[in-house]
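First chain A sits with chain B, and in the next complex the same chain sits with chain C.
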Partner chain A sequence: MFTHTPLRLATLALLAAASLTYALAAGFFGLEILAEIAILAILVIALDLVAGFGGMVSLCHGALMGVGAYAFTVAANDAGLTALPAMILAVALSTALAFAIGAVCARSTGIYFIMATLAFGQMAYSFVFQSPLFGGDDGLSGAPRPDMTALGIDLSDSRTFAIYALLLVALAYAIATATLRSGLGRSLVCLHHNEKRLRALGLTVWRAKATAFAISGALAGVAGCLAAQHTQYVSPGLLSWTVSGEALVVVILGGLGTLIGPILGAILFVILKHEISSITPYWHAIVGLILIAVVMSRAQGVFGFIEARMAARKPQAQIKKVKADA
Partner chain B sequence: MTTDLGFWVLQTLNALQLSMLLFLLSVGLTVIFGLMHFVNLAHGSLYAFGAYIAATLSGTLGYWGGFLLAPVAVAALGAGLYFSLIRSQRRAGPMAQVLVTFGLIFVAVDATRLVWGDLPIGIAMPAILDGQIALLGVDYPLYRLFIIALGLAILAVLTLVLTRTQVGAMIRAGVDNDQMAACLGINVERMFFLVFVVGCALAGLAGAVAAPVLSVTPDMGLQILIPTLIVIVIGGLGSLRGAVAGSLIFGFVQTFGAVLLPTFSAVLIYALLAAVLVTRPEGLLPAKG
Partner chain C sequence: MLETRSLSKSFGPIQVTRNVSLKLEKGERRVILGPNGAGKTTLFNQLVGELTPDSGTIHLDGADVTALRVADRARRGLSRSYQKNTLFDGLTIAENLGLATAVALGKGQRLWSDPLQSAEVRETVREVAAMVDLAPHLDARVDSVSYGIRRQLEVGIALATRPKVILMDEPTSGVGPEMSKGFHRLLKALPRDLTILIIEHDMDLAFDVADTITVLNYGEVVFDGLPEAARGSSLLRDIYLGAWENA
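And then the complex of A and B:
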């Protein structure tokens, strides 16, 4: 089960303070990066919820995010909805899609689950890529940002938009922790450890898995809407399986099954990407090498490493911390 | 169009050619998985390396020089990978394997860009295969027939080795139950290595064969990876027969889907895969049971 250890609470407070300070102080480029981090953070929270706690390693979260982004853009541009109903519709669609994928894949485990989600993700990608409604390779432009001028908030300003994006990250984090603390979340963690026992106890396994996957899909859909609003342009590249792969990389680099770790991972990943790509065009190779090194060293990512070090300093805390959420 | 015999012959040959290319790639990947329970997402990158090496060598040694040396070079690369990364990750579980080999893809794509540049490289067909041949009323490129023949030949050799020789029996025993095979005195470790290297060589061969037909680009490994994975998941991980069946299904669905149902062609193969996964999660012809 997910618990807020003092270390986690301290990290959260630090993150919140740092990001808000940065959002108020940074220039235009910094704010763009902050929004980019926020989008990735929501996506990896969604992925960590299922992969880190439920053992459902998904390679279709990029596609779920892309479906959210496209649904939002189409609903706003073609159906003439305003931003908020369009967002609700888009999130509902990615939730429904994730529930269906979760239900179908519930029987598969391990590598078969990874392959199955990969297949569904690619299916969504090919569909969007080929369908004339979605502009094919060119993508779609003109996704609106929510109109909050009635409240005196102007989201076309990049500083306001960055703060709005941070609030959505906080919301995603709250939803993820609430899910993990609910009965469903406890079932999910148990399922990862002993599915047969839960089956014997009378849990409808596929429904629990599909529901958890749907909640994760909803968060991915939110990330998609935010991505569409940020650049006001969507392209099929959002749905590509490499986006899902990168999200998984961020989760692992940050610390699988810690929720906070992946957020740290998202910050590091986006900053690294901008820093390295300004030096060399081959930044992917460096990310790849870091990834291989982290996985080979069997470290539990950045945050997992910090937690392990802190626990090693206090032996009794190590015993208290059951490895349930790993 | 569809009543013309020539159309069917032509599309069948196209489908067979795609199937055989995918077979060369998927057979290595699937036997490696069956034997070692290792998922190598970087298999496509080995194929890309094969294509690049063949393209480079063909400049000095001619097409056949590249064709023969590319599998050797890729096998050497595979051996290096085996000792540096693969061996230690064998028991690490699917997620660690997926991640390590995903990282390898990143490194491989940038390495090819660094060495060979971003632009596609062309490679000339060998003179002896450059031309068309009349077959059942259609003119078909000789080189594509060569791909089909090569695929069939490799299939025949692999079938013979796996079913008729002692090494084949040892490999089948290893796929079935590696601990029991080890108890019976089979050096399973060495067999793993052998199979891995042969799988890499076949990927390199596929790259060398595909190079004149497709353009050689840094992302060709990524592009072929998904079809290859689909083939082995449809066919059933770990089995030669599964790789054959999966390759044929993919080749025919993809080729005929593109000409008969163009609006659905992209989704068709994924829908088929989903159907297979729902009804038979282990694939059509799994290695065990």
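And then the complex of A and C:
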């Protein structure tokens, strides 16, 4: 079961403190980057839930995020809903779509699962790209930010919006950990390693996988709503398989199956993207080299590497203590 | 309680199950014997639904379950253990038993709560652990315990679903003579209303535990009767090349 080790708790506390401090101190550009990190963090938490813990490597999470973004924008602009009901509707749609995709793809594993999710993702991308309802290649503008002025909160302010985005990351993390600690989460983790036995015990495997995929899709939908609110514009590029691929890179870079690692990965990735792209247009190549180094080191990402180093230090510290006592 | 009627299965030109008809009464303990390649595990795989028979039917507690999937049969009370351990490594023994119990109770997909913390699951874990002599090891991780304890857990997981019928595929496979004797005691102490079908090569265990014995050879039932009759059967002696004259 997913547990919070002291290292994980300390990392979480550090991340929360650092991001809030940064949100309070940063200028406009810094706050934009923080919001971008938050959106990616929610998406990779969603992906890590199914890929890292359930072994369901998905290449349709970009599409699920895009569906959330488009559904939110259409519901708010065309159906006239206010932001909160529009968000609920958008997340419900992403959840339902993810459940359907999960239910179909649950029948396959490994590379076939990946290809099936890719096909679903590209179908969604093509549909949005071609449909005039969604503005085609031009996308849609005018996605509103939630109106919380009654509470004295102005989300049109970049600083307030960045803090709101961070709160959504915290909510996504809480939902993911609660899921992993539930009966479904236990089954999900064990399905990854021993599907045959769980089936023999009476678990309806496809339903468990589809439910987990639906929860992940809901989180991706939240990321989509936040993305739409952030730029107040949505384009078909959000649904592209490259967004899913990028999210997978971030999860692996940060630490597959750790939840915290992908958040670290999101921070690293966005900072690297902005810093390196200001020096060279070939920033993808540098991120690629870093990813290769991480994969070749078999360290389970940056956070996995840190956890392994800390675990290795513990026995050494104990030996030193025994020697000192002697 | 468990019945097969003319069950047959082929892999290409090789017929691995030939018109197998078995009938187990409630509480019966039957041992299936047979040389390697006799089709014992293939028969088990058909009984639980991991393989589909070419012809014939399977009945559990009076109902035809031939068309049901593995999980559906398990929910109707059919459980199995495997010849090769299929445990949840990385979890403790208590968590392994708890997960099996939770799934059997329909709590394996519960959201927002951990079924392993429920009183019902914990009680079952304690009971099953006592049945399979695992009570002292409940907090040990599976990957840190001996092979023998893993074999006990393999059976424990199958028992944790509270089955009506349990199929055990060579429960003593790979364990030493002492551990094997422990298994005899363990199996004999299981509730008498539990129907048990065991594949076993250990003749001592077979004759010690079995109410009835079925012998398969080339996928066909060549003997079906009481252990005493099996002991005296010249046909069986031929099949086993006298291996159980010492039994």
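Simple rule for what comes next: the second predicted complex is superposed on the first by the 314 of 326 C-alpha atoms of A that agree within 3 Å, B and C clash if a C-alpha of one lies under 4 Å from a C-alpha of the other, contacts with A are read in each partner's own complex, and residues count from 1 in each chain.
The working rule: a contact is a pair of C-beta atoms (placed from the backbone, for glycine too) under 8 Å apart; a residue touches a chain by one contact, two chains touch by 3 or more.
Not measured: the values here are computed from a predicted model.
Peer 1: Touching A:L118, do we find chain B (first), chain C (second), both, or neither?
Peer 2: first
Peer 1: Going by the contact rule set out at the top, does A:H284 touch chain B (first), chain C (second), both, or neither?
Peer 2: A:H284 contacts chain B only, not chain C.
Peer 1: In the overlaid three-chain picture, which partner chain does A:V205 touch, first (chain B) or second (chain C), both, or neither?
Peer 2: A:V205 contacts chain C only, not chain B.
Peer 1: Is A:S126 touching anything from chain B or chain C once the two structures are fitted on A? First, second, both or neither.
Peer 2: First partner only, chain B.
Peer 1: For A:G110, using the defined touch cut-off, is the partner it touches chain B, chain C, both, or neither? Pick first, second, both or neither.
Peer 2: After superposition on chain A, A:G110 lies in contact with chain B alone.
Peer 1: More residues of chain A are touched by which chain, chain B or chain C?
Peer 2: B
Peer 1: Under the definition above, what is the set of chain A residues touching chain B in their complex?
Peer 2: It comes out as residues 51, 57, 104-105, 107-108, 110-112, 114-116, 118-120, 122-123, 126-127, 129-130, 241-242, 245, 248-249, 252, 281-282, 284-285, 287-292, 295-296.
Peer 1: Inside the complex, what are the residues of chain B that reach chain A?
Peer 2: 33, 39, 85, 88-89, 92-96, 98-100, 102-107, 109-111, 113-114, 222, 226, 229-230, 233, 237, 263, 266-267, 270-271, 273-274, 277-278, 281-282
Peer 1: If you look only at chain A, which of its residues touch chain C in the complex?
Peer 2: Those residues of chain A that touch chain C are 1, 178-179, 181-184, 186-187, 190, 193-194, 196-205, 207-208, 211.
Peer 1: Which stretch or stretches of chain C touch chain A in the complex?
Peer 2: Result: residues 48, 50, 70-72, 74-75, 79-80, 82, 86-91, 95, 99-100, 102-104, 107-116, 157, 161 of chain C touch chain A.
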